[in-house]
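Each structure below appears as structure tokens.
Next come two complexes, and both contain subunit A; in the first it sits with subunit B, in the second with subunit C.
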Partner chain A sequence: MTLLEFARGPAIHASLIILVAGSMIRLVGVLALTRGADLSRPRDVFGNFKGYRTVFSRAWPSDEFTIVTRYQTAMAYVFHIATLLVVVAIVPHIEFITSLTGLSWPGLPNWIGVALGTIALVSLIALIMRRLSKPEVYNSTVGDYVTWIIVALPLITGLMAFAHVGLRYETMLALHILSSALLFAYFPFSKLMHAFWFLFSRAQSGVAYAHKGVRI
Partner chain B sequence: MSAQLETTQVFPSFEQVYQGLAGQIGMLRQMAPEPTKSEERRLAGAINTLVEETNADEAVWLESCIHCGQCTTACHFFQATGEAKYAPMRKMDLYRRVYRREVSPLRWLFKLATRPVKLKDFEEAQELIYDSCSECGRCTMVCPMGIDTASLVHHMRSAMVAAELVPPELSALRMEQKNAGTVFGSSPETLKKMIDTIRTHYGVEIPLDLREAEVMVLSSAVDLVANGNGLLATARIMNHIGVDWTICSDGFESANFGLLSGDMSLWRMQADPIVAAAQRIGAKTLVIAECGHAYPALRWNPMLRSGALPFEMMYMSEFLGRQAKAGKLRLRPLEGKVTYHDPCKTGRRGGAFDEPRAVLKALGADFVELPANKEYNWCCGGGAGIFLLEDATRLRDESFKIKIREVNETGAEAVVVSCASCRLNFEAGRQKNHWDKRVDSLVELVADHLIDGPTPISGKKAADAEGAVA
Partner chain C sequence: MATQPTLGEVLQSQGVSRRAFMKFCSATASLMALPAGMGAAMAETLASAKRPSVIWLSFQECTGCTEALTRSHAPTIEGLIFDFVSLDYHHTLQAASGDAAEHAREQAQHDHAGEYLVLVDGSIPLMEHCSTIAGISNVQMLKEACADAAAVINIGTCSAYGGLPMAKPNPTNAVAVGDIITDKPIVNIPGCPPMPLAITGVIAHYLTMGGMPELDHLGRPQAFFGENIHDRCYRRPFYDRGQFAETFDDEGARKGWCLYKLGCKAPTTYNACAHLKWNNGVSFPIQSGHGCLGCSEPNFWDALAVYDSPAKGQFGDGAKLGAATVAGAALGAGAAVLARRKKTRIAEEEESAS
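Let's turn to the complex of A and B:
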């Protein structure tokens, strides 16, 4: 078995199983905990439902915090959108998803894929630069840097493989797939799980404050 | 008659009140109890408390933090010092460590991969949990995940009670309230004496222990042992409105050092008699004195089934606001430009925004909002008991400068507050910085501007009050 075969076969499949099973265990394990009931009388009988809008409203910082958070917010948006598009909308990735699920859709032209990958990597670097330059604001842990590296590796190796730079193409491609497998396997054990938590966290805070008549 | 009596200054000015209380607070440190349990039991108690108090909400919040750093920009203690350790996200680190090892669905993994939590970790967290977090909730307003750090800090305070790591001042007051039922010595006798003083010197009647009353009013230790003007103002307003009201000597204290320290058994010991008294007298409304944390202690406490109670609880500013909106307050106009500081516990974490503003409107005030107001208001730095903590002096003083800057920007001559802790903290900041602003309490401001007609005193009920509560 070549490195590429290993990457395309057992490595990526095992990592996907860990991704799905691990995420499920962590999500269900937390969400199945009892919820402490708030027995106090709500300010407004149907007011609590208004809290769910925090899920959407918190997608952008309020005016009060725009200036201090705009760099981070803008970069984070650029990174998330570009990465998501690269993951699901370039032809080789679609082919891989098709091989697993049978689903397929039209892909983006290669040059757009490369541009998006580059944008994702640049914004990721912009985010780590800020993290490094303001240690007192970020209180970074080892986990923050490890996560950054694990997220950056598939982007770097993917771009290198596409551009045929570095090692032999097959080796670069294998490294790209292996780094993606690492990302998938690492996902359920890391802060990357915020991809799910943000929904619940925002909703429950929104409801808790709406209970008191406060819009957050 | 009353006009003549009113000119006699029986009660000290608030400047003197602050100075007097500061002396008493200084003595609390010596009265603090020493830990009584073994280190193992203290640690186990702290961990068990966190495990017991962790529900899905807490777990989701602990899971959600991505260390994005946004919360640091929102916290007054971080802004004032620029020190990394005061970042709100750091205040849940120890809780998260315990959560991961004891509650998380991946606890088997975290037990292998992380080192056990020690009592020393709790000792080191004391400054983060008490001195540098007023549980004001401002960080929640910016967090992209919406994490309610203040709630998590409150659970940590409960753990600190089990670990016997409550700061000495809060610990001394907690033990006083637990053992003697008083705060700074304010007993039912103190209340009766204060009521007598107010009747004798100001001619203002306070109906004590009526068998039945529509409105039950709470007082607070600050009013009873130091600032008599607070209770006097409350009485004047109640009598002015002509409401059927009373104070119950078996449930009058707003201050709850159970909630402040994190001792929820003491919280219940304090809250239950108030609820019982209100039910006994058939009150329809319970008015909480200007004592910020009493609002979450009673009105918003998730463990108090207030939806099922036959009376409504409201904060003094809410009560005044509703009276103002109903046109029941006849007021002389307030001179000069004023701004209003929303106490964290009644504002962002309580939702009483409109009512105090309605009062200022009824006063015809030239009212201007602070640059960051309502949900975004900066905490004064004294909330959640921090005003009492000597170790937090630098944090308080530095963070108060944000407040000075904010108030100065409005060009107001006075800042109106509706919380005794905020007011004391503002007064401390005013004196230390030789600040040229006035700090007014909402309830006293209203009382000072009442146009008094005939004052209905609930005299008819005074007779049957005697012996009603024995």
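Let's turn to the complex of A and C:
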């Protein structure tokens, strides 16, 4: 079995199963927990609605924090949007998703894919630079750096595979698939779960604060 | 013993001009990335080369490799060089049959011990009764023929890597030559069939340099298998622009767009098809509208489904993912129930303590 066969076969199989099962364990495991009984009268009768609205209203920091946080907020948006587009809009990825789900849609030209991948990588580097330069703000753990590496690897290997840089194409493609498999398997057990949690945690904070009468 | 003609004399008698021969030598030398000036040296050495004895063994094969070499197009210098070798044994081409044929092989092995070349097409079944020649199993004949050979050249993917006969379920337990012969220099010229110029190029290199050319990690001559077909494909600009044929008869297919989505394996295949082409440079599979099958790569039949692009995972249906989702949800729910019980128990303990 070659490296590419291993990557396309057992490795990606196992990682997707871990991704799906792991995410479900964490999502259901947390969401099925009950909250303590609410013994106080809400200060705001529209508290719940305003709480859920927070999911969107806090998509950008409130005015007080704009100047302090705009660098990482802007960079994070650039990174997330570019990465999302690369994941779902370049033809080889659509082919992979089609093989899994049967769904397909038109892809972007490769040069746009390369540009987006490069933008994603540069913004990811910009974000780690800030994290490294302001340790007192982030209180980083080893897991944060491991996560950064695991997110960066598929981007780097994908760009290298496309550009036919470094090792032979089939080896780079295998490394790209393996690094993606690592990302999938790591995802449910790391901060990458924020892809799901941001909805619930923002809504939970919003509901709790609205209940107390905080202006949302 | 009558004096054997040299290659130069044979070519001259066939009406090949000195100019045409020099042109062939220069082209072959540059193709094989030999140093400048080797063209002339190759011409000189080749012209005075004596006929090398060649034993061609055909095992589990379809004769396509021989067809590719002998019937590719009108006679050329490549064809004539092949004619020049003393083909002492070849099922399809030799006039002799039965004991006389086997005797010719044994005679060649004896008379040219240590000097003859063994060319093999076809894989070798380890279930020996599955393929025999004159009552001799393929494994036995290969071992006998290779015992005193100078080198072995595998013609085609079957002898190089097992090929189609080795594909699942591999009913004959087929293997490649390299799995059996480990003590001789082996050159793999894979392809289904391989490019004729690659075959004669390696023979010309052997006649000129007295050895085999530089090989890649899969035992293939770098000169012919060093480059990726995708990198050399004339349809590559369409790939870069994101213009793909979606079916074999849509507008994209008619316009000659990239065949990646139709399962073309050019990105993972190394061969000279895209620039040397077939039938005297007329065309090659991608130019004819069908994606590359990756036939010069090991295990190509099983490794990559013919009409799936290289990016596709081999997942079958989504049943496993569905099962994983259900199992994950069940485990998560179980964990939540346990956590709730613990919470209730702690609350009760605190209440009773207060």
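The rule is simple: the second predicted complex is superposed on the first by the 211 of 216 C-alpha atoms of A that agree within 3 Å, B and C clash if a C-alpha of one lies under 4 Å from a C-alpha of the other, contacts with A are read in each partner's own complex, and residues count from 1 in each chain.
The rule is short, and it goes like this: contacts are C-beta pairs under 8 Å (C-beta built on N, C-alpha and C of every residue); 3 or more make two chains touch, one makes a residue touch a chain.
Computed from a prediction, not measured in an experiment: that's the story for all the values here.
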Could you tell me if A:L16 is touching subunit B, subunit C, both of them or neither one (first, second, both, neither)?
second
Determine, for the superposed model, which of the two partners subunit B and subunit C contacts more residues of subunit A.
B
With the two complexes superposed on chain A, say which partner A:T66 touches: subunit B (first), subunit C (second), both, or neither.
neither
Between subunit B (first) and subunit C (second), which, if any, makes contact with A:I25: first, second, both or neither?
both
In the overlay, answer first, second, both or neither for which of subunit B and subunit C A:L33 touches.
both
Just subunit B (first), just subunit C (second), both, or neither: which does A:L173 touch?
second
Per the contact definition in the header, classify A:V214: touching subunit B only (first), subunit C only (second), both, or neither.
first
One more residue to check, A:L100. First (subunit B), second (subunit C), both or neither?
second
So, A:V91: does it touch subunit B (first), subunit C (second), both, or neither?
second
Show me the subunit A residues, by the header's touch rule, that subunit B contacts in one structure and subunit C contacts in the other.
25-26, 28-34
Using the touch rule from the top, collect the residues of subunit A that touch subunit B in their complex.
25-26, 28-43, 54, 58, 61-62, 64-65, 68-69, 72-73, 76, 131, 134-141, 144, 189, 191, 193-194, 197-198, 200-202, 204-206, 208-209, 211-216
For a test of understanding, state which residues of subunit A touch subunit C in their complex under the given definition.
2, 4-5, 8-9, 12-13, 16-17, 20-34, 91-93, 95-96, 98-101, 107-111, 164, 168-170, 173
Mind pulling up the subunit C residues that touch subunit A in the complex?
228, 230-231, 239-242, 244, 260-261, 267-268, 298-299, 303, 308-315, 318, 320-321, 324-325, 327-329, 331-333, 335-337, 339-340, 343
Footprint of subunit A on subunit B - complex, ascending
54-57, 59-61, 63-70, 72-74, 82-84, 87, 89-90, 103-106, 109, 140-148, 151, 299-307, 309, 312, 348-351, 353, 372, 375-376
